[in-house]
């Protein structure tokens, strides 16, 4: 089987580097094109990039020549790791020119005609695409994945949707890798907690409602649940941990809730998409798990880990959730979206 | 003025060391007696104690001879820093023998006739003492201070009591010093979060209701509010940070809530008790405060710091609270209790 | 090819767990026997063991029944992860009973007739074995690997031996995983440095001289170089970093030294032993590498990483070295020793 | 007594903030003038400054109006906390205009006619001032304090000078606060070691020789000792720890060396300068001290702490040293320099 050529918009930044690493040895996709700012264009990726991830830069990418972020000679499928300050225009230009833009940027996520996808949860939201193309006169398209905290929360909530989710209070303890590079100053976070992440709480509240919402022909009807997020930065390298209290209309038993977590599967599992975890949600029995340093990297960083389900004196249940913010929360999420697109025939 | 002689039960442990340090240069109390296990009794404090706190052991205490934890020659006022495994019997023996036991241990906190005090909040709960003495046939007495997380939460909630507190969801991010020594293994917490602290959530839920409850002759009627706590350990040295969502019956405005925090004062402030902070609750304007490493030690570690008051999509308001767990949450709390007892004439 | 059955002495402790993990999917060895204290014997490994490593316990080991540490039914080849307090007697009993004991314990390392092996450096020291067996009347044997810091230092020095090493001053910054579990208290190491590790400096000084020494019929003549070690604990999870100043008799150029690092190979590379890194020493050009969190895990944790070679105003050269302390410094070192033994025919 | 008015050049940066805090309640000096870049000039200090230190901005400084860094109306005594990129010209302009510039910047430290002072060690180097003024035609003057690592090393070495220092190998483990703000990215240093700090090793080597050198009429003859520094960044907030191996010509006994550390005193102690520690060097007996988090802040951060003196297999002795990098290594060092100048009559 011929691999599909792919490109990365914003390939030299930290999110771009996560894409480069995640795409290494991908069975369907082959990274052949890296785009970045005009300042980097024309250089070898090796020279244009300060590699910030653990380990060293993959050799096969190091010799690619960085391109300007223009649609001309880019592959049809491009992943966008662009900074929010420039993503809007560039992603639109690519979609207009017929490219399939699978974006990790926040810019288009909340637009009515743009799918905000978690393939295990709402693959049917892809039906927004024809509407998006008609409305905007595009040959191409934009699909997006959620914010790195939202994806963990929604993967934890999706199995509970059948019980009727009406209220959610969530507090995050987020890893420093979520802030990119140089990101958080060590003087701010060493042996400290920063109880604020700009824009994060709003994103978690709105994106969660959209992802868990229902496709209605030309838009998504958001889930009618109140969601309140408290977002904090903690001195952890990778992995966003969160505590969740949730009100459930149908008052399931603890066993039913745990079974719902454990049995949860989606289209990626059914179709065996290459980046899909065997089970999207893993419920852990140990009383002090999941933990970011010990669990986030399991299952290639693509699963959500849940633990400590117990009754909540205020709502029905409370629990702990964890996911890898730069993999399932960013690069891995986008690649799984592209795999879904491919399995749906969008890349044919 | 003659200083009042005081002793410490469990003086060689880590909480005991916090008492030793906090009592240095106290204007009313003079540490003259240190009690510990039989193994240590007879040794100089210097030899019996591995000093674990920052800095070095106070010279004036180093030469005290460690005593067995028996009431015989101990001062009338003793602070208890005893481990929960032995505190019940020893504290009772001292109270029975006529001592005033000001305890940081959890053992007696929830007993019906034992005051669980935060002097700014419920000084009237001291009226349980005559009842306690009558019921138990004691000449002495036991008063307690709350768990290190509870004290911060209750100081944050007390100013809001006038608005009618009905529901509270709180998530803590607690410092490692709260677990004593050796406490948490570095392999468990370095660059990690542990989403579990044994017994902590139950304590926060029950103690909060008792502290904010009403004295009713021979018992305290707990506050009729549902409280749900999620407790986590984070790699911070001192200072417990927590996010709080709260439902308030009277629907105050943001300005009214902030004013309530800022204007909150209690008996310790009115009487100018030596360890009382000028204001028990300090509301910070900066959008990313309070922070444990930067704020917990301010005001000698005796204030609670609040920030980020904002509407909560699920309840009425949400905010961040912080306090110093080994000072306001332990040694300082107990010393302030003793100061309140003294100012009420209990030590005459 | 039939795999060789192997066992682990002290399998439930933290070093034992590292062996369990490192032996997963080993092409030559199959873990069939786990020994531990009498307290654990008879239980399933799953029940006897609190798994402390990142990720979860390998399923295929979880169901093994823990045995007492007696030679009876153990495989011929056993790895020893025993605590120093019990290793001496038990390892001897196994060797006497005909077992090949490949030990990570410190107990026998400095005995005259026991090989202290780094397979890339001194495979000829295996010639001590016949002498050891004769002297002790053993059918079996004991071979050892060095302390976790020593192995990194000796891998960095071995390529320089041809230039005549006369003086070495080394300062280590060692990871917390080197202290086992619970090991270092978080209150001791969070945002701190502990400038002392009991016994470590002596080990580094003596073991280095033995490993780099010459086999002389019935003993090893230690390298006649003065070695001075300063050992420190730093808040790093895995990977011991060290700065080294070295005096070299033949005054090589910088290029010659770097070439010596890069070209260094040994028997494990020549024979392609399964756990051998492609190159035992990797010289990094970046001015701020190697770094423990970013580099220690590369090459499966089996290589030593060197950087920043530059002239030393006091000696000839100075540089930085790094290695993974629980892999190349413990479990991986012992497994490579066993692979060397196998390739030498000792297991036939 | 009338306090002497002082100013700070570069008052809004992180080093400037350390000056502001250290000068609070100073018995001799009163901060009345704060200078910063043109961008900040004209604003209140409160508005021009993002306060990065623990705690909050001193109220009495918050209302000062930030001035341009021009000599016109500035006090005669100014502390320079300027960034190296601009310090050269501005400090010279102030000195030329008659100001006494007490600088923490590196720019003029190594100039032949500029004193590089540690008041306990080389107060006689102040005799360079008349020469400096003659040579440059200045009415004012510049005096400097060393790099934050150098000051700790020289305070540790000064007591040993009598034994004849010939060789020094030092490895530092430096706190993140030494890099200013934002300084080191948390992604670089969280649970990691960075074995490189730009320019630091050269500074430690050269400055140490100058500080411990002899005043010779119009210059300082550097100490004829070889000094080799290895500089590392570790995840510690405040306090630079270092291991030192030293060759001493007169071969003193361990007792003599420890006595030399303990008895070391200088002009600041003799004259009781306000910021002078009671003893500049404190030798600690505990086998695992000094430690940065536990010891750096003792004695107001103005002492150097030494521990673990023991024979060195390569040289004569080795030991551990520690000092507070932003106090004794920066703001406190400069203020002590100014106190020395005052006590010498330079401010009359």
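In this document, chain identifiers A, B, C and D correspond to the written order of the chains, with residue numbering beginning at 1 in each.
The rule we apply is simple: a residue touches a chain if its C-beta (ideal position, glycine included) is under 8 Å from a C-beta of that chain, and two chains touch if they have at least 3 such contacts.
Worth saying up front: this structure is predicted, and the values here are computed from it rather than measured.
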Taking CA centroids for every chain, report which one is farthest away from subunit A.
D
Of the pairs A-C and A-D, which shows more C-beta pairs in contact?
A-D
What whole-number Å value describes the gap between the mean CA coordinates of subunit A and subunit C?
40
Based only on mean CA positions, could you tell me how far subunit C sits from subunit D in angstrom?
42
Geometric centre distance via CA averages, subunit D-subunit A, whole Å
48
Give me the residue numbers in subunit B that touch at least two other chains, ranges are fine.
190-191, 235-237, 293-294
Going by the contact rule at the top, pick out the subunit B residues touching subunit C in the complex.
52, 176-177, 181-191, 235-237
In the complex, subunit D residues that touch subunit B:
53-56, 190-191, 237, 293-295, 297-298
Any idea which subunit A residues touch subunit B in the complex?
167-169, 171, 173, 190-196, 205, 226-228, 230, 232, 234-237, 241, 243, 245, 287-294, 307-308, 312-315, 318, 320
